Amino acid sequence: MKKIKLSQDLEYIFSLALSIVLALIIGALIILANGKSPLTAYASLINGSLGSPYKMATTLAKTVPLILTGLATAVAFSSGIFNIGGEGQLYLGAFAAAYVGFTFTNLPGLIGIPLALIFAALAGGFYALIPALLKVKYGIDEVITTIMFNSIAILFTGYLANYPFASSVGKMGATEMIAPAYKLLRLVARSKLHTGIFFTAVIALAIYYLMEKTSVGYDFKMIGTNLIFAKYGGINAERNMVIAMIISGVLCGIAGAFEVLGNHYRFLQAISPGYAFDGMLVSLIVKNKVVGVILMSIFFGILKTGSIAMEFETAIPSELVLVIQAIIILFIAGEKGFAQILRRIHAKEGVRGDV
Amino acid sequence: MQESIIKLVGISKVFPGVVANDNINLEIRRGEIHAIVGENGAGKSTLMKIIYGLYQPTAGEIYINGRLMNVANPQIAIKNGIGMVHQHFMLVPSFTAAENVVLGSEPRKNTVFMDFEEAVIITKALSEKYGLYVDPYQKVEDLSVGIQQRIEILKVLYRGADILILDEPTAVLTPQETQELFAIMRRLVKDMGKTIIIITHKLQEVLEVSHRVSVMRRGKLVGTMDTKDATEQILAEMMVGKEVVFDKFHANQNKGKTLMEVKNLVVRDNRGFIAVDGISFSVAAGEILGVAGVEGNGQTELVEALTGLRKVEEGSILVNGKDMANRSPSEFRKMGISHIPEDRLKTGLAPEASVNENLLMGYQHKKPYESFGMKLNKKAIYQKTAQLIKQFDIRTPSGQTKVKSLSGGNMQKLVVAREFSFNSPILIISQPTRGLDIGAIEFIHRQIIEMRDAGRAILLISADLDEIFRLSDRIVTIYEGKLTGEFMTADVTKQAIGLYMTGKNLSTAG
Amino acid sequence: MKKTIAVLLILMLIGGLVLTGCGKTDDAQKQQEEVPAEPGDEEKEPLKVALVLSGGLGDRSFYDSSHEGFERAKKELGIEGSVLECKNDPSLYQDQLIQASENAQAVVVVGFEFFDVIQEVAPEYPEVNYIYLDNVVEGFDNITCITYLENEGTFLAGALAAMLTQETSIEGINEEKIIGMVGGVDLPVIRNFQVGYEAGAKYIDEEVRVETIYAGDFEDPAKGKECALALYAKGADIVFHAAGKTGEGVFEAAKEAKAYAIGVDTDQRYINPDVIVASMIKGVGLSVFETIEKIIDGTFEPGKVIYYGINEGGVDIGYGTPDMKQIVPDEIKEKVEEIKAKVKSGEIQVPTAK
């Protein structure tokens, strides 16, 4: 008998691909229902996101915060601690980086930029530490606290940007601009793609190594998959959860720092359109796997950038991609169903080969 | 009596890479208790799941009441009067006992809302009728495994099943409870004309309760015979294909010094009630101390306290003279205490993780498996896991296989392999063979005895009196969180222990 | 258990996204239907104009108002154009502005948020004229700024509210001399609204107390409603809003509290003439139209900052269409006109937010 053994990862990738294809088909039907051509629409989506170096760079620029917040989610969630507070950590990180950038204006970039990143990481990490401690010390649900902490951080930084550190020019709820030395180099003309993407790649590699190749990652994953087992096996679950949460917060803080150092060059009151939540979606779709987060972030980046071009060229609202994303997630939620169908098909094939 | 109620013709079930059932022909007669025995992985559960509609056979026909049926799902099976009590319980932990009993066909108020009062009344009536006591108001998550199973049985009865499939029903019951269950089974068959299929490993039970018995081995049906023609020896041979020795192990030769001493231990359960009420005992190197007791009398909490998983209210746990009460599980492990937990799926394993990952637990921060403080060394790990898989005969396609796809016996072997491989001086072993087949039980028992002979101090907690008697050098009985008696195994009978376990001699045992 | 919660949360989030997505889709489609390419002047190439919004259409306030002027220009001046919305996503500001610059000769940039981005993009497209609303950028030849003296308009609104709150004969007006304001986000622009409003109220009566709450959002009517209800509960009987779409919640709250509200940006009385007594009109549409008109007839002077105050007809008070029942008594209206004249003449100096 021919042995058909499909690893569960492969099974998942297959059902994910299926979900994406189905979502795109449903998207096409919606376009069709609006009396437009899906082919033209998707062509302009692809062309708009990948059709030129500028467009590709714009797409990649969108993936930077997604990858970082996605990784933040992956680390926390696979360690069994649910950091929904990435947005707040991102805001604090962004503000911290901006603070360094507009305060220590005499520093050369080589010292200033790392300093800004460290401040951002510390801010994000510290802000994640509080709910983590509340959880392990007092059993206060981190899902609730982190959500509430989002509002606190966003409003607090909003206050800072409007009053004590308000920009002297251009009334707009933002801090002063960071000193030129802090500005990350832009890589492609007119696009916002900056050198932070290389740093992001390094971080992604480091997180991959941490989660897949080290005992720390092993401890994290065991806590996430079966907390009782992890405790029983002698893992200090509390300490590891706190560490995972800090790492998660640090990543969000750095994501915020890049928005300041590479993108806006100052802290804006509404600097993030919800990157941390998008990152969370990205990570959940790929079951908190590092490689998956990167690929899915790029996919989301393509959708986002492409949808703007699509809207402009074909007048199909860019919200269509939100619908597509939502459908993918709905299908993924039903992923078990797909996997089961798949297994059934394979079981039947097995019989045919056998009997 | 001779009329067939279920007839299976040429049933085969193939999973990717595995033939679970191979051309099975089986007839279940109306009004009989039909035992199906076989090693874990022999295909019994698969066969029963096919009858119950959870699996579709890849070939073959199922006749129910003489009619060819396509049992596409459990609803069809239930409609045809087939009910199943699973080995792994299918209860909703956050629901009460009564809610679980009626789940799926709840009594309704105004056709919309569930009638909780009615559910409680139904549950009470059922448990009285069949002598299976449960507290309808308690949440399942707070109940012991034994009680959870009662709810499972009640649930099937509530749905009015004519044919009951019981998958390892006695694995978690005490001898007394088992006897009660058997009485119920007999009454159901004799007075109410029901038919029962029972899957079990315990051959004495087969001989005691069944009318006919079928033996499976490696996916095939080896044979069916009238129970009156069968003996334990014959069945065992059919099952494992070799002669099995059921002798008692030799007693320990050289008891060493005391390694663990528990003094006046008081522990609360999840609801905050005192579950362990001032227990004291000690275990010495080279001996097995058996804790006999009816499920739910504080054993779970005792074991958890002794391994750092539960808070100790009062008392001390002296290990090598050091008080370990309220230390963390990792400190217990560092002090040389290994633990085989009662619930392997919940505590002893990460079912979603691979065999290798499950074997690595406890080694991940040790050299040579880890270097530079965090880097895992694949080569060393794989060598170790491969060796353990081989040594403990864990049957798995590979080390990368997820544990949840292993059979119960192989899961337990994995836990034993890991825990025994640490060479810890103290072993706390809880329900080591629950739900396992003879081959696995024998294997694990031998491992335990080997550990004892190597000078380990072993605390054995088991609801299976035979197991306690077979392995222990000394036995203590536990009842309502208190120890009610202490005996040398050689000097006591099962009947006497049974009485102490049920608290009847509490006053005299003092 | 936790995982289930997390998944549920996510699903709710998605649900929200889908719903808002759908809502906006409808709006966008409507816009589209309303924009059949009007054939322009045959002889002349029509001027290509793009309207870039930091927020999104459908706020019945600031952005819609700019869009009105844009549409009017399309109809009356025969320009060609398209709208690019950023939906308050800062990562899109630059993309959309570049997209617009690539495809148009004039770009109307609506939203103070474009402050940095416009300075980055404009030099890259020297032949494109940028008309930047709501903020001031100086020193660029191709950026023309339009800024509104909101404080002058809100001064009138504040005066009106302070007078109305003392007309206890009107049903729904209480004894207390308290009026309220809901701001969108605590931002310089909005604070400018607030300063004018407070000054106007004090000008009428030093004893009138002005309570202000910031909703922290321009897009969330639910928050707006909460804020307004809090103000009404404090004794305010008239609440002014400067909160974009969030302000719709203020009208809801007014209806519920059986009290009154003052609209903003456009004449919002039509939304609910029973509770909206008047609106502080910001002539956004007018300024957009007039600027485009100037470009076409060649009188446009790029690189300037144009102020739209009471003098320029850039801010005003509107009382809806004549068919609506008037709640504000004529004497008050007259008084407002008097104040307007005094501001025009410079007799009254309206303070500005810092």
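Labels for the chains are A, B and C, by order of writing; each one numbers its residues from 1.
Throughout what follows, contacts are C-beta pairs under 8 Å (C-beta built on N, C-alpha and C of every residue); 3 or more make two chains touch, one makes a residue touch a chain.
Here the structure is a predicted model, which means the values were calculated and not measured.
Touching subunit A and subunit C at once is no chain at all. Distance from each chain's C-alpha mean to the overall C-alpha mean is smallest for A.
Distance from the subunit A centre to the subunit C centre is 34 Å, each centre being the mean of its Cα atoms.
A separation of 44 Å divides the Cα centre of subunit A from that of subunit B. The mean-CA centres of subunit B and subunit C are about 70 angstrom from one another, to the nearest whole unit. Touching subunit A in their complex are the following residues of subunit C: 2, 5-7, 9-11, 13-15, 17-18, 20-22, 24-25, 28-29, 32, 82, 84, 87-92, 94-96, 98-99, 103, 112-113, 115-116, 121, 124, 135-137, 185-189, 192, 216.
In the complex of the two chains, the subunit A residues touching subunit B come out as 3-8, 213-216, 218-219, 221-222, 225-226, 228-236, 343, 346-348, 350-351, 354-355. The residues of subunit A lying in touch with subunit C in their complex are 34, 58, 61-62, 65, 77, 80, 82, 84, 143, 155, 158-159, 162, 166, 169-174, 177, 190, 192, 259, 263-266, 268-273, 277, 280-281, 284, 305, 308-309, 311-312, 315, 317, 319-320, 322-323, 325-326, 329-330, 333. By the touch criterion given at the top, residues 12, 14-17, 19, 58-59, 307, 309, 328-330, 332-334, 339, 341, 346-353, 357, 360-362, 364-365, 369-370, 374-376, 397, 400, 402 of subunit B touch subunit A in their complex.
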